[in-house]
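Both complexes shown next keep subunit A, but they swap its partner, so subunit B is in the first and subunit C is in the second.
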Partner chain A sequence: MNDLFIILKQELVLTVIIFLLLTLKIGKERSNMAWLNLVNVLLAINFLGGFFFPQTGVLFSGMYHTSDLIILEKNILNLGTLIISMQSYNWLKDHKHVVEFYILLLSTLLGMFFMISAGNLLMLYLGLELSTIPLAAIANFDLEKRKSSEAAMKLIISSAFSSGMLLFGISLVYGTTGAISFEGIAAAVNGQPLQIFAFILLLAGFGFKISAVPFHLWTADVYEGAPVAVTSYLSVISKGAILFVLVPVLYTVFKPLAGNWYNMLFLLSVVTIIIGNLFAIRQDNFKRFLAFSSIAQVGFILVGITGSSQAGSSSVVYFVLIYIFSNLAAFGVVSFVSATTGRERISDYRGFHKTNPVLAWVLAIGLFSLAGVPPTAGFFGKFFLLLAGAGKGNYVLVTIAALNMIISLYYYLRIVKAIFMDANEQPIEPLTVPAFPKLALYICIAGIVFTGFVTYVHEYIQSLGTAF
Partner chain B sequence: MLLLALIPLLPLACFVVLGLFGKKYFSQSAGWLGTLVLATSAILSLYTAFNYFSDSGKDNGVYQAIVPVQLNWLPFTSDLSINLGILLDPISVMMLVVVTVVSLMVHIFSLGYMKGEERFATYYAFLSLFTFSMLGLVLSSNIFQIYIFWELVGVSSFLLIGFYFNKATAVAASKKAFIVTRFADFGFLIGILVLSYYSNTLDFKTLIERLSDPASAQSQAIGAASFLGASALTWALALVFMGGAGKSAMFPLHIWLPDAMEGPTPVSALIHAATMVVAGVYLVARLFPVFSTNESALMLIRYIGIFSAFFAAIIACTQTDIKRVLAYSTMSQIGYMMFALGLIPATDGHAAGFTASMFHLFTHAFFKSLLFLGAGAIIHYIHSNEMRDMGGLRKLMPVTHISFLIACLAIAGIWPFAGFFSKEEILHAAYQSDKPIYFIALITGGITAFYMFRLYFNIFWGHEQKHSHAHGEGPLSMKLPLILLAILSLVAGFIPFSHYVTADGRPVESHLDLLFSIAPLLIAVTGILLAGWLYKKANDKPARLAATLGGLYQSAYKKFYIDEIYLFLTKNILFNLVGRPAAWFDRHIVDGTMNWLASTTGKLSVRIKGLQSGQVQSYALYFFGGIAALGVIFIYLWK
Partner chain C sequence: MSSVPLEHILFVSTALFFIGMYGLFTRRNLITMLMSIELILNSVNINFVAFNKYLWPGKLDGIFFTLFIITIAAAEAAVAIAIIINLYRSHHSIDVEDATEMKY
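Let's turn to the complex of A and B:
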């Protein structure tokens, strides 16, 4: 019994926090500030607690399992959630439903945890749904904005559609293999056409979540309409969680189909990188721009996954960690500026350097890291992804990816140029950043600067990677 | 062993401190700080040398190559890694002494010479950087490390030559030195890569062991591989020598050296007399066991060396800028060292040329830096580099005069000055292995004596120029190094060099043959007398001689038009045949493709935006289309 509590530790802590918030909410009135302080402290405890008593094991007759890698992945997601929570301070401090927001947000995180730990397709599906439905609710959390409701509607409808496909795939897998647990499926998969079709349905379901082309179209509208905190959560945490589960599913469960999914990923990654880049070039809305650029980033991650090796798996985890820092540095600044001034266009950021030097540098470093410019961590992340991709000898793919890195360099640097070089009649006024967002931004910058250089991080992740 | 590591690290620390805080906190005391640090390094070096030669270096009476410090820096594979280490063997220890002693003298001399200079602290920072790089080069334990320091030396000499950066000629000269030596370094790098590729190591000791043993697998592999009719080993060694020839100003890569005289004169004494320019000689000596297995490479070194020696001596006879005369004489003396290295070792395995070359390197360092420092003192006094502005200085600058005379006698090879002994050994080695070279070297010796004393008589004798001198000969800090170096030029020859430095570490007796010495001495004295007859008193004999020689004199005066040939080659041929087409290609093909790509990408981007209709039902359509497409492709088409 003891084991059960320790193995389920991370999920249990989250559940306790959710119920605690619920109970306190029923109790006496509190100011938003008090709530936010409390929640951020709780999330920090949650994050730090993840490092203690690491215990691995299998529970519920194989439905749930955890390993060192999975614990690390959950810690990464905890960290990302903490950063996002601190960054959304400014947006939430005047919001009427702070507690509800956090309860919904943490429920999705709980869903992700179960999804990552799943040892069974049903558990996977359960976790996936738990992580999606509350998200649609908080996408609507700019209650007075029509766009926010539209985003929520689109998210829930598209999700329902993709879930339908996913379920269809799962039932086909069950039908053809007679198994629902991961080991059972891995043992029974033999590559008959119906299984391949079932796999394609599953892949489409995952592709929808990580917004791989052509399953990505919901992304732009939802990202644009949803509150920035939700958008960054969607683009970083939710995607990261799906990638964390996608890799073992591909590497272990569907290993017998490796010959098939390798080509599929090849195709998907090329299309995703190119379309993502082409979309991003023309965007003027900063949030939309980050959304599309994150589509291209997912394409790069798919390149790493095609590596089909332990290096491929670890490069994905490593990149997601770095991606959290880089993307949240950029999103953090954008969300803060958008929450305080309401300005979201890239052209608004002209001359940003003059009025807000610190924020400008944070944004620039984040963009550099996203673009993969050395010596930021983003460079190392992309480098290992491409290296893993090259490990399979597919230099066509790696060349396409490398060329697209140059294209992405263009649109990232275009913004940096706007920030530092372009003049503006009405620049964004000088802003003072409250403590929480400021701390979050510093964590991001420290992550961007050090993750690349402290080789220990990469070595540790590499030692944990899922073997192929 | 910590003490040993301190020798190069102290100047590095000094560079960092002076470079970062020099302007603010040490604008006055930078000189003393630098000198003190270098004095410590020099004392440590002397201590190391004493220890090595008296005790720690010997094993059964044979000097060993020791690697007391080795850091594993960049491991590539289990047996190939780049290390940072210190290698002690007779030549590196000898170079350690030469570099620190000469550098110390230059540091002291500069206290007076550079006084009142605006970038005084920067100057000392650069000197420290240079000394650090040079010490690192000398002590390198592997071939890649030496390449790193090789380039660092290049950079720091670039900084020093271009020290007067508001003087256009100095900037041009530093650029020229950098580019020419970089060009040579390219060859060096390829040579390194070939050598390490075949020997599977970068480490000097292992590399030499593997490649100098004809029976080893590596040495057979590199000997068997051939390219354009020469073996890979010959190519590799020739390329390494190319790097060495660039730094050591061997023909035809010598063109940067005379121009490099634009730097402050003490810098010339340091870089262009004793240290950097002999790096090439040192490099060949370092790999000598490998070189000595390959006769073609030896021949290349021998002929390039002797030709440079002779060629530079001729040019030196016609130059009027005293520093340029010294520059060409340096080139000529390094030619001596080079060809001595290229002499084929005797059948009993004893490489007399090697010992002689190192001996000459050693003595030359002292008297040539003395000459440069003397020239510095004169220029400091006269404010001109031109011989015609000088004359009759012997009474006005007695210390400089005597020390300069000693140095001239030393370089001319007059007994009992240092140059006599080392030159004798070189000639002796040449006599035994290659007679034609011996005769050319003998004649070059005469020319050397002539041009050095042409310089001497022109400066210190002849008619006195009318000068109004605000200051005297110079402060003590300028005289002291002259005196010390003059003493060294006197006594250095008596060191029984072959007891310490030989190619295989076994001490041998050197033999000075009285009869053999008569010819070179006679020729040197003739040269001196000729110079005295022509230049001691002002007369028109030199002008008439120049007129008689006509074209020959003119072309020697114009340095045999080598610079013009390079200019023609680069400007007319390289630029027109390679540069212009490359520029055209870049502008029209590369840029054109890029512009086309950019505009296409832009257009595509606009088109694709249409997909983003905002309607969920169409999104679902694309979603399902994607599944269908994947299904069709992967179930039916691409199995």
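Let's turn to the complex of A and C:
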């Protein structure tokens, strides 16, 4: 009985925070500042608490399981949520519904935790839905903006459709194997055609959620329309959580179909990287640009997954950690500028260095890390992904990925050039950053600089990787 | 009493799935698109119940899955309709063709 509370610790803490916010909201009126201080402290406690009393185990007859890797993944997601919460300070401090925003946001995080820990397709589905339905609601949180409701509509329709496909796949898997638990399916999958068809539907459902290319069409619109805090949450946390669950699903549950899904992932990753890159070149809205750049990054992650080895799974976790830091450094600056001045176009950022040198450098370091330029952590992340991808001896795939890194360098550096070299008649005026966003940006920069050089991080993650 | 063969039930559910998909791609009214998604989810329910009864009658996995799908479909429809109402307030229409501010 005591085990139950310790194993479910991270989920329980989140649930307690959600209900605490709910009861406090019913109580007396508080100013937005007081709420934001309270929530950020609670989230920091939640993140730090994740490191104490780690306990692994299996609960509810295999429905729920944790391992050291899963605990680490949840800590990574907690960290990302904390950073996003601190960055959205400027947007939320004038918003009417701060508490509702956090309740919905933390519900999605809870869903992701259950999804990562799932040992059963039913649990996986429930976690997935808990993590997408509230997300659509908070995509609509700029209630009076036309774009915001359009984005939420696109998100809910496409995520409902994709979970429909996922469910049809699950039902066929159940029909052919008679099991919905991961071990039962892994034992019974034998590669008959109906199972491969079911697996394609399942992969398509996952592909929608991580926005791999043939299923990416919702991404740019949703990212542009939703509030920036939600956009960064979508692009980093929810994508990371689904990648965390995709790896064990592919590596353990559908291991007998490895020959089939290897080819599918090969195709998906090549198309994803190329299309993501080509569309990122022509964007002028910063959020849209980051949407396509995140599509391209997912392509690189898929290259790592095709490695189908322990290195494959650990490099994905490592890259997601670095991706959180580097993408949130970029999103943090964009979110702050967008909340205070309302300007989101890349051409607005010309001459940004003259007026806001610190923010300009943060943005530049974030973009360098996204592009994978050596001293930053992004380089090490991409390096290990490609190394894992090369483990299978498929050098065509690795060559395509490496060439695309050069293309991506073009559009990331184009922005750095705009920030540092281009002249502008009306640059963004000098901005003073409040304490919370500033702290968040410092955490991101520290992460970008140190995660790559402190080899302990990578060695620790590698020692936990899922065996194939 | 002769029972209906499994193939017939699977034919119905697959047809329902693709009718739902067709509706989602061709209809421009958001409420109708939501109904098409319900069709897809119900085809999955039929699949689960049929597989449970015909192939794996020992355990109730499929039936339980169906119960959860019905519940979640209701929650999803509630949020989707809330979003559609909000869209109607700003756009004065629930036609997807009118909500095309963002394009490539």
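By definition in this document, the second predicted complex is superposed on the first by the 468 of 468 C-alpha atoms of A that agree within 3 Å, B and C clash if a C-alpha of one lies under 4 Å from a C-alpha of the other, contacts with A are read in each partner's own complex, and residues count from 1 in each chain.
Methods note: a residue touches a chain if its C-beta (ideal position, glycine included) is under 8 Å from a C-beta of that chain, and two chains touch if they have at least 3 such contacts.
In this text the structure is predicted, and so the values were computed from the model without any measurement.
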item	value
Which superposed partner A:Asp221 touches (first subunit B, second subunit C, both, neither)	both
Which superposed partner A:Ile133 touches (first subunit B, second subunit C, both, neither)	second
Contacts of A:Met33 with subunit B and subunit C, given as first, second, both or neither	neither
First (subunit B), second (subunit C), both or neither touched by A:Ser162	first
Touched partner set for A:Leu20, first subunit B, second subunit C, both or neither	neither
Which superposed partner A:Lys147 touches (first subunit B, second subunit C, both, neither)	second
Set intersection of subunit A contacts, subunit C complex versus subunit B complex	153, 157, 161, 165, 220-221, 279
Touching residues on subunit A, where the partner in the complex is subunit B	153-154, 157-158, 161-162, 165, 193, 196-197, 200-201, 203-204, 207-208, 213-215, 217-218, 220-221, 260, 263-264, 267, 275, 278-279, 281-282, 407
Residues of subunit B that touch subunit A when the two form their complex	601-602, 604-606, 608-609, 611-612, 614, 616, 618-620, 622-623, 625-627, 629-631, 633-635, 638
Residues of subunit A defined as touching subunit C within the complex	122, 125-126, 129, 133-134, 136-137, 140, 143-147, 149-153, 156-157, 160-161, 164-165, 167-168, 170-172, 174-175, 178-180, 220-221, 224-225, 279
Residues of subunit C touching subunit A in the complex	17, 20, 24, 30, 33-34, 37, 40-41, 43-44, 47-48, 51, 55-56, 61-62, 64-65, 68-69, 72, 75-76, 79-80, 82-84, 86-87, 89-91, 96, 99-102, 104
